Amino acid sequence: MNRYRGFFVLALIIIIAPIIFPDSYFVTVVGVTIALNALVAVGLNLLMGYTGQISLGHAAFFGIGAYSSGLLTTMFSWNPWFALLMGLLVTWLVAEIIARPILRLKGHYLAMATLGFGIIINILMVQPTHITGGPDGLSDIPVLNILGWDIDSDIRWYIVANGALLLGVWLALNLINSRIGLALRAVHGSEVGAQMMGVDIERIKIRIFVVSALFAAFAGSLFAHQQAFISPDSFSFHFSIELVVMVVLGGMASNYGPIFGAAVLTMLPETLVVFEDYEVLILGAIMMGIMIFLPQGLWVGLSQKIKPLFLNKATSSVESVGG
Amino acid sequence: MSDVLLQSLITGITIGSAYALVGLGFAIIFNVSDVVNFAQGEFVMVGAMSAVSLLAVGTPFVLALFLALIVVVCIGLILEKFAIEPAKSATVVSTIIITIGASIFLRGLALLIWGKDFHSLPAFSGETPIHLGSATITPQSLWVMGITAILVYLVHLFFNRTITGKALLACSANPIAASLIGIPVKRMMLFAYGLSALLGGAAGVLIAPIAFTSYDAGMMLGLKGFAAAILGGLGNPMGAVAGGVLLGVLESLGAGLISSGYKDAIAFVILLLVLFFKPQGFFGRAGEERV
Amino acid sequence: MDLFLETQNLTKTFGGVAAIFNLSFATRKGSVYSVIGPNGAGKTTLFNLLTGIYKPTSGAIRFAGSSIVGQPPHKISRLGISRTFQTPQIFLNMTVLENTLVGCHSHGTSGFFSAAISSPQSRREAARLKEQAMENLRFCGLDHLAQRDSDALPYGELKRLEVARALSTKPKLLLMDEPAAGLNDSETSKMGELIQGIQKLGISVMLVEHNMALVMAVSDELLVLNYGEYLAEGTPEQIQKNQKVIDAYLGMGDENDDLFD
Amino acid sequence: KIGTFLAVTGPASFLGDPELKTLQMYVDKINSEGGVIGKKLKLIHYDTGANPKKAVNFAKRLIKKDRVDVIVGASTSGTTMAVIPIVQKAKIPFISMAGSVKIIEPVKKWVFKTPHTDKMAARKIFLDMNKRGIKKVGLISGSGGFGKSGRSQVLALASEYGLTITADESYGKKDTDMTAQLSKIRATNPDAILNFGFGSGPAIVTKNVRQLGIKLPIYQSHGVASKKYIKLAGSAAEGVRLPAASLLVASKLPGSHPQKKVIQAYKSSFEAKHGPVSTFGGHAYDALYLAVEAIKRAGTVNKAKVRDEIEKTKNFLGAGGIFNMSKRDHLGLGLDAFKMLEIKNGDWSIVE
Amino acid sequence: MTSLTEPLLKVTSLSCRYGKVTALRGVDMEVNSGELVTIVGANGAGKTTLLRTLSGVLPRYQGTVFFAGEDITTMAAHRRTELGICHVPEGRLMFAELSVADNIMLGAYAHRNDDKWLKKGSDEVYELFPILKDKADDPAGTLSGGQQQMVAIGRALMGRPKLLLLDEPSMGLAPLLVADIFRVVRKLNRDGITCLMVEQNAKAALKIAQRGYVMETGSITMGATASELLANEEVRKAYLGH
């Protein structure tokens, strides 16, 4: 089917990459980070790109997932899978409670409120040292086990993280192409308009907020097990901003934009390390450059620029329809 | 306990004044272009750092402060001219990302120029504290409060009494209509960035003798300034000032009276509560939206 | 009981100024009921009250026998009242067809979960709703534009798209706020035909419009507002002769006569 | 091949920066003298910005991609803790330059460290307090890893030295004013104020104490052991006491001091190139030479052998003190590695 | 102005595009000093696009625009206002958060140093639309559609127009007011302001205009005196309803 075409291409890339570069650090180690970031970004894009509601606090949900897994497995020796489920449950609860008042806000007020929420959660990770380990974080988080397989090597993590990403993308794709997806985009287009069409905008905003929080929490749980160590620094508001940048840089309201953005933004620092002190400078310049010249994001912008090169003949006939 | 209260208030108003200036800068740019400029905090840092450098090469004190402000204003203008203006077709969100990029860039630049050390600026008029009962106030605090008050008043006059000020507001309300009635929208944008850079820079040189500065000092101040602007209601420059002072006081009361570890959390919880009950900030215009 | 929509002593004030004051009226099922009045008389405000976008300061609104005061707009929409807007509220980020599909929203049942896993049931439903949406586009003469991005449509077509979208909610009552504004005379008469077509489908219409040719041609009954208050009510013939209405709103006969001097 | 990942930028750059400079300087020096066991050293460095997430990936990168033989690195406790599971699994010797005692307590097979622990600092301070007859201490600490960990050591050890902690306040990384917390501390009537933290915070605390007109003795931790602190705090720093490595007072050490030669050599070569030394660079010096000496003794870069040799280090004269490692002690420093210093006339002076 | 032979506004082969969509294709037209010219055309014909290109808020793609003998083809919008081209835009485009009084005052931005005009001009506007006086302190965004239209016209008049561009000024106005607006436009024209007006209410527009153009899918298809157009069978059928 047409709507899954991009999905299959993505799956293919994910499968082929480690076959071509089996022991490459960039594939098997950075690839895992990319996949997890991308999973959060895809979820966040449901909220930002499609529904038009910004969140500068998604690192918090990522962190809640990670800390639930981390705490329950290290302090209470839970089975990692139950811990993961519990993490999703807690996230659900928190997101549901916070969503109602927060999503009544609009635009920059919403941005600030979510940002504030993220900061509060982060402080709750730092302060109660006896529970969370404080700024030193939690170490020795056990490995995940799938059907008797310990997920303890980089390549196995590559498979798990990217499997999760594909699952997430598939769910997001379906959702967006459904009645619900249309309603979400309608909320973005005009809230009163959507209301008059019978869309319960408050409820649907809350729902999608929860869904995107769950994406983040799921990725967070995996992250905790993969790193085996977590500390509040990984879930600070910087990461929230980074997530938003991934979504926007890659391209909002397209399913693959955020994945692309996550890949670019995760790879950039890795490749820029050679510039040492210039790294930050270059990163900032690249971000500005992309947004100035491709304001719709890398994905949409580049595909618009590249497509005509391939489809020269086809497009010229399409164009005339405009007149 | 009461001296803790008094001391916290003094501290809060001082720091809050800096937040207010930053918040005011946010509000101005927002009012002209609907963009929240995340590089606002970097203006503060550059202001302080430039002053430090200028002093180090032997520039007289007052001249150094003045030149530092000019440096910041230039940076504001450059930012608008070469990063914001060329992004013609960018949406608000992409413009915000540009400003985030700009803030990262400026931080990187500062890192190269000024290194990673903390720097301090001498106080404007000595360090001998003035005693107010059991609490003390430094002369620098008085400078911070006084100059903030003056700047805020001038900005207030500008927006309410001058047609240029109103024209600036018109640019954000409807840029197309603004250019139709002869307002040079691009020039206004440039002006707005210059003005808010100036305010940011002023905050920087005022606060540096108290709080030191380093290449990454802008971020936190920027964040607090943003919070201040929101707390006051973005559309309202004076709201941002009130929001800044309020935030500063909340923080230091939180630290002084409740718990220093949770003081930021307290401040943000209150911010959230305000937003929940007054979704347009304290001084934002409420009312039902027209369709 | 053939009273369909009914208000009693409806009042809405903004900061002390009454946009609607003490207004009572009732419409009949199946009719085209028009509301006219000078600019600022409160017509759009009335629509906003009826659709739940504003909450009344006081007074009652009953629709098909039950009170709808305090209901949120989406509930009211599901009860069978839909509307078009004076300033079109089109979802500019979507195609024409997608806009219309949103109108079908409340006639779908598949939830988040079944949508996310793309269950067969949700896919069948999607196909069915698409069929309905196309039907409504055809009715409004927009089917040839179904795949166009709605932000590239000219004003007149946006107005018709709003109608098609509203019809997709399967309303019992359709409120139309100045559907002919910005249309030229020929296009206006086409809009008139569309309104009559809607009435033939058995849908009651409430119309706000300044184009008197259109209003007089399609209305069964008219309500005239002035400064938020009831001024007159009656058939087109009665209203055209009503001196109060002429003074406040219509002016004398062919207004443009004196333009030739 | 020696791998390292340090917080050269970001909030802990004052640690990572001198550490990296030291490593680079001495790797060059060793190479110019013919290298180790006949081979030249190669230093591979990544900047973590004190972010543990990055540290994890960089550690993996060093191990997997760069295939280094030993890792000398991590400026902060957070980044160190984050990579411990990785180095343990990869079985590679890892010498950290971060402060927290948690790194080596309990002992982890492949993990060593060179800086004095916060526990030692707390003990050193308390001993000095006992000498001065201080009974009640108002504590303030940074909310970062260093401050928090120091705080918990202080709270745990105070009673052992007969001290009561009257107040327990904290401040954030980027806080600009601590007068609120300090007036609260003043209200509890302590005999001295103790601050555990690093970065700009301690300097602000010092200034604020004096601005408030509080005349109590101030103690700082070894986290401020650099000239920059004195410069930032200015005249307010007069009389402040802190425990620090001998490095800071190299020229004031008696000639008989066993470390004097090592320290002065390090100090003069660092200062010739980069300006005033801090103790942090010294930790890097120690870590590098611990590794190099171990490799020399092992005669190979075989990871297990190198590890064993590091553990067997005895009487190593470093910048931070004299190291005597054992199976149970992967640090190997005693309390004597610390000197209690007081700031006088804008310079360090030794108390005792 | 300069000479009687030279038109105040002269447009030659003007084209304009939205992305890939061509909205104007080679428009040629002119408006003489003191004239009132109207453009009629179906929805989407490009009338709004034409006016926006003339006032400079849309960049043109090809062609030239001369105003009072000066080439203004690439001149910025605010400079054109200073020359006296004022635009009453489609959709009114209020400064929604600013008060009605501020909206009107800002119309005189190009003459902001002329205090006398600021006072006199706004008095004239309030005289023209007395309702606005009551609403002077309200945010313009809360006004009804018709009231906003009045603000938009008032705002343009504050710019002391030599050429007034009106985009559907009667849209959404009550019948009484529609007549008023047309009367106002005619009065302004008689007072010496040259007007170019786009109107869907074509009959009324042609009655007060001296000349008219018919526009179809981006091109001018006919240009004649108003009375000729009113009499033309095709025009009657397509735009006048009968």
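A, B, C, D and E are the chain letters, set down in written order, and residue numbers restart from 1 in every chain.
Keep in mind that, in the parts below, contacts are C-beta pairs under 8 Å (C-beta built on N, C-alpha and C of every residue); 3 or more make two chains touch, one makes a residue touch a chain.
Just so it is clear, the model here is predicted, and its values are computed rather than measured.
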Starting at chain C, fewest touch steps before arriving at chain D: 2
Farthest chain (mean CA position) relative to chain B: C
Cα-centroid distance, chain B relative to chain C, in whole angstrom: 47
Whole-Å gap separating chain A and chain C, where each centre is the average of the chain's CA atoms: 41
Chain centre separation in whole Å, for chain D relative to chain A (CA means): 37
Centroid distance [mean C-alpha coordinates] between chain E and chain D, Å: 74
Junction residues of chain C - those touching two or more other chains: 14, 44, 53, 85-87, 89, 152
Touching two or more other chains - residues of chain E: 21, 142
Residue numbers of chain B (touch at least two other chains): 111, 261, 264, 287, 291
Sites on chain B touched by chain E in the complex: 163-164, 166-167, 169-170, 173-174, 176-185, 235, 285, 287, 290
Residues of chain A that touch chain C when the two form their complex: 171-172, 174-175, 177-183, 185-186, 188-190, 192-202, 207, 211, 253, 322
Parts of chain B lying in touch with chain A, wherever the complex brings them together: 30, 36, 83, 86-87, 89-91, 93-98, 100-109, 111-112, 223, 226-227, 230, 234, 261-262, 264-265, 268-269, 271-272, 275-276, 279-281, 291
Chain A residues touching chain D - in the complex, by the definition given at the top: 23-25, 28-30, 33, 126-127, 129, 134-137, 139-140, 152, 154, 227-231, 233-234, 269-270, 273, 276-277, 279-280
List of chain A residues in touch with chain B within their complex: 48, 54, 101-102, 104-106, 108-109, 111-113, 115-117, 119-120, 123-124, 126-127, 192, 237, 241, 244-245, 248-249, 252, 277-289, 291-292, 295-297
